[in-house]
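In what comes next, chain A is part of two complexes: it sits with chain B in the first one and with chain C in the second one.
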Partner chain A sequence: MSGHEIKRRDFLKVMGWGGVGATLAGCDMPTTVTLEEGKEEVVSYMSPEEFVIPGIGIYYASTCQQCSAGCGIYGRVREGRVLKLEGNPASQINGGKLCQMGQAGVQTHYNPDRITKPMLRKGKELVEVSWDEAMAELDKRVGKSSSVDGQRVAWFSGSMSGHQSVLLDAYLESVGSKSHFVYEAINSAVSRAVNAEMLGDATPHYRFDKAALLLSFGADLLGASSSPVHYSTQYGEFRSAPRGMHVQIEPSMSLTGANADLWQPVIPGTEGVLAYGLINMLVNKMGYDASGLSLEVRGLIGKYDPAYAAKVTGISEERIEKIAGLLKSKSPSLVLAGTSTEGQRDGYNATAAVTLLNVILGNVGKTIESSGTFPFPQMAAKAGSSRDLLSFASALGKKQYDVVFFHGTNPVHTAPNYLGLVDNLADVPFKVTLSMFLDETAAVSDLVLPLLSSLEDWGTHVADVGGSTQTTDVTIQQPLMKQLYDDTRGFGDIVLSLLKARGVEEYTGFDDYYAYLRDAFSSTPEAITGGLGTKAFWQGSLQKGAVSIQLDKGALQSNPFASEVSEHKADPSYPMHLAPSARLGMWDGRHANIPWLQEAPDQISKVVWESWAEIHPSTAAKMGVTNGDMIKVESRQGAIKVKVYVHRGVHPNVVAVPMGRGHEQYGRYAKGRGVNPLKILSQVTENKTGELALYGTRVKVSNASDKGTLIHMGDSESQVGRKLVSTVTAEVFKNTEGGGNSVA
Partner chain B sequence: MSLSNLLNDWTRYRQGIEEGGFHDYEHIFGMAIDLNKCIGCNACSIACYAENNLAVVGEEKFAKDQGMHWLRIERYWDEPDLGADDQEFQEHGASFLPMMCQQCNAATCEPVCPVAATYHTPDGLNAQVYNRCIGSRYCSNNCPYRLRYFNFYSYYETSWPAPLDQQLNPDLSVRDKGVMEKCTFCIQRIRVAKDTAQREERELVDGEFTTACAQTCPTSAIQFGDLQDPNSKVSQLWKQYQVKLGTTEQSKQNKELRGYRVFESLNTEPCVMYLDRVREV
Partner chain C sequence: MSESRIFLSSEANTHRSGGLPRVMWMILLAFAVMLPMVVNAADAIPPKGTYDGKDVLQPIEFPHDTHAKVNQINCMYCHTYARRSKVAGIPPTSKCMGCHTVIATDKPRIKKLTEYWEKGEPPKWKKVHDVPDFVHFTHEKHLRRFVFNADLPVENVSEVCGFCHGDVKNMTVANKRKPLNMGFCVRCHEANGGPSDCWKCHK
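Here is the complex of A and B:
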């Protein structure tokens, strides 16, 4: 960057290092990476001499973008093609491991349904146009000389962080827009809000590897969580001797629940009462001290006695006592709330009740640690919530926008019908989608800009889960191969050209996003570079795939507050609860276009390629249906028909229909396959946070009188007496493998 | 050819019983899979798809049991070891079992192959020679673990529409209709490690190579290595849990110790040891 002088402070801001005066420590920079094959010292495929070694696979570091956890990856590149992704062992997030969605990243990249040219709506149709025409259209609508009112421009994205976020903020500032909506259908916004309030840290580190007992109220740590691999590696530790116990309380079995020692079904919306019932038992029967709590909190605890909790939840007093007893005998424990608890009208209060358990049990500071503060707020993760979807929808209803940009999320697929998103979007004069695929949102847009895949593009990312209490990584996403399609562009490049088109001086000097990133790295505060020269620091960072950042020390507080949970009410005309469960695989629907994942048996039902509804055998018997029969699931907002899978991992009052399928667009593998339970969600929002209450929908189910068969793996659900999976009790495990690792 | 194959196997089999397993191989690659750690996430299975050019067969063919998942995660709902199976709820969760070719040393699939397309390598691997296979499917009939997958069609014609085909691993072939395939313990990865060791004139080092499934497993439930190397992690685990080759029933000093091989009473001599699932009841 050259041409004009900017003050160092502003300069740091342009480069993303603007902050609050951080204490920064040096980094440990490896000189080489150990590579599985060839053992070359490799920096980047950008260095051509190292790019192609015929017949030899070379591994380059980058960052997985299949979910917002941002795991570190190594891509195996051979003859200029990326063939296989593996975890980067140096990553603080995933320690060399990947989940199935991460493994399938190559099928997002090489997907046959990628869009390869910009598309502009002409009349009714989206037609392919040149970039020149696309950019001219953009310029006309939002460029410097356009008459656009910046207040009427909105950006709607998925979770984001790093330098892309820095550039996007700069762009929105230049336009004069204050509307950046960050939406994820799968999020932990309610828990974050509760944590911020009660613990003074929205995303504290959960350390179940240090816990003797993990009690989860529907938190699907191993599956649809904020960092599936991070939590799974931790779970491996947790299960090693002296093996921690795991109790899961949820309406329908999640992947995490499938691993529990005790799986307890619960009616969604009664978890808060159950948590208070447990607290009541701990305080009144088991000698836990509540004297430090406010009168109001103690009053509430008194109100929810175990008999009442048993009546509301349908879980026996003995069972509640058993769980309370476990909490007492196995310390420290860790108690967490997940979507089924958060996603209710009073989900915030219920989650607070669950978090209060940690305070009373003395877990705060033991199994819940401070996450510290990331010193560069500009780059910090902007985590998605569904509140942003709701406020976006209501702004659309009031016709507040003339131009909307979409990127990294597909709200037209995941938004409930009642929001009327498609109709309201029709009234927005100009909608732009930046995407690799023609998904439902792109299909209703006026301009579609084809993105590079994450394996072709540059970026930096800051995860908000993972890392230690002292450091976290800014991970680097670098291209693992040349772009497949000439007419696709990187996200950073597009935002940079938008900035240039607005004539924002600070950015006019950069040829492309890569040049910007290089400069950003050149301006890295010395405390981070450890005094390494610019080139050495850049290359070292690329090799490692990350820059380690010292965090500002944080401290957890404990501000327990009273959180009254409303009584669960029956709804006679819609007597069942809908559980639109999320899965590690289809996720929020973004992976429905990956053939490997479509054909990957669901962890619970083992179904492939289609949707299903899970119901309890007693429910199935009442309805007269068996596996594969079609049922109708009807809410006040609409109905879906879906085949049924019967198992004992569902509460009898619950019907679980996993989200992720039911696409109307999105390519050959996704389109027209399965159903989308999110469409029939009722208009229920969480009172305090304004989040969509994902588990707040009541439905009725009926036999659709259509016999069928589920397409799934395995004929037998039972071992039929054969020793396939042998199980021993934890007692035996302790006797033989004990507290240490000794085997006697 | 098949007769000599059969006789060879028979000799080895006899010898194995008399001498506590046959150890006249250069390597015996084996695994230890800890069901206390396996969470059933399926990452290993997709890693195998990516590494080994496994075809996606599509909905209709999958419905006819033609899925090509060399590594499948079985999920059972019953728990015979924990007693009665008549509870109202699935109180101890599910039972997951990652199942791939067990690389049996006395493989029941081998002697029945009329053309010796499946045979034992000097590395103790149960190998499949695709261009020798005539598709008789005797081997798969004879595999007690149901881990052999037959190419009833030319799945490649629909599995990798361009540019998906660019992801294919050039270190191994794409199979056409009429041949049998199955987990190879990622033989191409072993090959690379062996070649490198040879070039550098040294022995294979434990940990310098692993299979795609073991590599990605988030909980490190899968350990892979050479059972002939007494210091390898996998050997240590077999020793620690007192699981031995060359027997149809493990005799352990401590009967409660975890560790077994699936269907070992059939005397197939599998090289995959499972550590029992654990539940607190």
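Here is the complex of A and C:
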């Protein structure tokens, strides 16, 4: 259009036609929302249940599947449609609360980008096929009569538990496969390993309510943790009178860090040294008894004197002493490690140093208790780790598999570039994805089986974290409404039909997964049913949403150990650290296709619908960039270009780019929005556990000389003199608002 | 969590049962007829305004006049949810068949209805009266105010229905006769002391 001026009248003409076009397009819409008489349809029930009153909701209990925490939910159902999800007050995990990801479950369910038919690769394209054809293809490739070697079949999933897990184990056994990889990009695998070794319990029960001080080395309990709602509730108790004090030490501010009384930035990879420095100070200066520790451990602690810790971490000796003093004066305390501490080359040793603080401070047995043992190990949670991703990728490199199933995870999106997952997957002859959406992994698969949404499917779940020390819940997932698409199937139903096709006798009698579950419930021991009949027990369990299981009593051990944390070295060509932080929202990227979560402002930056990089004002000044300017973040594995958010809640040597966006597939709301920092992660692995070192990547950051606008709520930090929120100084507050009573 | 929520244990996707409410309604109606007449809707000031709605082609040309005028059937006998919910509800097909398995079975429209019933498929009626999605209108509150709390005999309920729906008794297929726009609502709320805060309707 350039080169000739558009006359105003022509312009209006174009607009006029545009308007008509839009109106015509509107007429073709399959459903019409209008007040005009005779346009919308209104359909009555044939013969409704007596309790059904149009316009009034009925509530059914189920289990949230938006992350692996397994919160109990109630779905409000009206006229056969689920409209709203709430927390189930009877749930031990979330006690009636539900986070934004859970609330947005209805948008996963009603998402317009759901796959509605099986898809099979024919030539280069995935084309829609019937279930008969899909199952015939499966039978040909991996069925009983196929020539497949069971050892060369792998299943790659997200965290799972309950009867689905039991059924899947049975299937893999029938095939002869021993390869079930369980992967979560957001996990606590390193802490679990340390806890198991030092305390004899991978997921001990934390008593936040008893703690007077919470010292968190990057544990984002309220945000991206293993059970955000559970921990938020616990945190609420911890903060209620007498108010516990909270110190957070992390490279970039998390939602949890934003709530702390003292927030201390730290260079990723130096947390272990800081923890040892604190132990050293507690023992040498504050009279804590270390005589219970081995000579070796004591010797090691001796090496980390506060002056050395201050030098390595850049945190002053006075500050270290202040934190040590708080630990002493506020007892019992609770010290926890999170992803920024775990996700290092030496993450295991650093996490061990953090856990050792609990031992020295005498917190074990006070704020840390045994979580007990779940008596049905076959149903217990299989918690995901990133080690499974790395070993899967290495097995692919050695061409160990002919058939791979993917379910409940999207590794092609979350795996770093250096793993070469896409190239290696191309050599796997047959890849099957069970999914609701055409995500990056489904898009490179040969067969895609469309799943029911979690609000349409049956299941049982056992949470990894949550519950009391006496009981834990087997939570029930039941359909809140009839399935939206006829050609989608439940996960349990698919695995059951695979088992039946294998001719496994135990399972041939079940018509569907529901029948299998009913049967499983009918054989529940009387100690659990409380003597109720089969039907009454089932109905009662559905109504409550869970079955409470008595735990076997456990006991914590104390096996304190310590290993050296290797020296933190500067990297002159890549001087900055990358923090691929996780958020309660996008999570690991699985929620990028939910518009509610895309438009919900980020808890820290308030950014919506796109990615951003958090850098410290001093770094921004050096680079000459301000909010919205494009910068290039480059590691040895690649580069991303992203807009800047200048923010004091990040260490000057750190650039934080939250994960979750940057999808190449995954529907209209996710595709092409933002960047994916996980792609440029360096090849750094945690030494002891083999986990991916999420915070171990060094980057260089440069000004990409491109001015932009960052779309975020509350664009100005200033109130332009309007006193929208009035403020007083801390000094005035102490004198006039009872601030003198504050523990801070 | 409010007390009025209903928690049920049965599975959500199966809805089939008989017509106990119908029996209860018959008893209720018989009782209502015996009540002495106390007041009429005189303490209500009906909303003003008219609208010339177009004819709507329905799957079955339902004669409101035959039911409500000739046979004197109460509006709430079929639109039974009006007094309990925000919507009045299109009667379930089972309710039609409650009478029409024996009454007027030879009439073409009833034959058509029976076909639907036997196919197990309710007719897809066209909506005539509607308010935008950002308006929260509830039948239940209006009936409470103008019928039950006003001691209006239930058999006269059609006077109140007529405030917004016109003289349905004299129509076959219902036709929109009132504007049902915001001015129409607000003027009536003013006249009758109805709530006037924005959030009552826009919530």
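To be clear about the criterion, the second predicted complex is superposed on the first by the 666 of 744 C-alpha atoms of A that agree within 3 Å, B and C clash if a C-alpha of one lies under 4 Å from a C-alpha of the other, contacts with A are read in each partner's own complex, and residues count from 1 in each chain.
By our rule, contacts are C-beta pairs under 8 Å (C-beta built on N, C-alpha and C of every residue); 3 or more make two chains touch, one makes a residue touch a chain.
Nothing here was measured: the structure is a model prediction, and the numbers come from that model.
Looking at the shared chain after the overlay, A:Lys178 reaches neither chain B nor chain C. By the document's definition of touching, of the two partners only chain C reaches A:Ile58; chain B does not.
In the superposition on chain A, A:Gln543 contacts chain C only, with no contact to chain B. When the shared chain is aligned, no partner comes close enough to touch A:Lys122: not chain B, not chain C.
By the document's definition of touching, of the two partners only chain C reaches A:Leu480; chain B does not. Applying the stated contact rule after C-alpha superposition, one finds that A:Lys140 touches neither chain B nor chain C. Comparing chain B with chain C, the partner in contact with more residues of chain A is B. Contacts of A:Lys535 after superposition on the shared chain: neither chain B nor chain C is touched. Residue overlap on chain A between its contacts with chain B in one complex and with chain C in the other: 37, 39, 86, 96. Here chain B touches chain A in the complex through residues 35-37, 39-43, 45-47, 49-51, 56-59, 62-63, 65, 67, 69, 72-82, 85, 87-97, 159, 161-170, 192, 196, 209, 212, 215-221, 240-241, 254, 256-258, 260, 262-263, 274, 276-281, going by the rule given at the top. Against chain C, in their complex, chain A makes its touches with residues 33-35, 37-61, 74-75, 77, 80, 86, 89, 96, 478-482, 539-540, 542-543. Of all residues in chain A, only 36-37, 39, 78-79, 81-87, 94, 96-100, 102-104, 106-107, 110-112, 222-223, 228-229, 232-233, 235-236, 239-240, 243, 245, 248, 253, 255-265, 484, 584-585, 595-601, 603-604, 606, 608-610, 618, 647-649, 709, 711, 713-719, 721-733, 735-737, 743-744 touch chain B in the complex they form. Every residue of chain C that touches chain A in the complex is listed here, in rising order: 1, 5-13, 15-21, 53-54, 56-57, 81, 84-87, 89-94, 117, 120-133, 138, 175-176.
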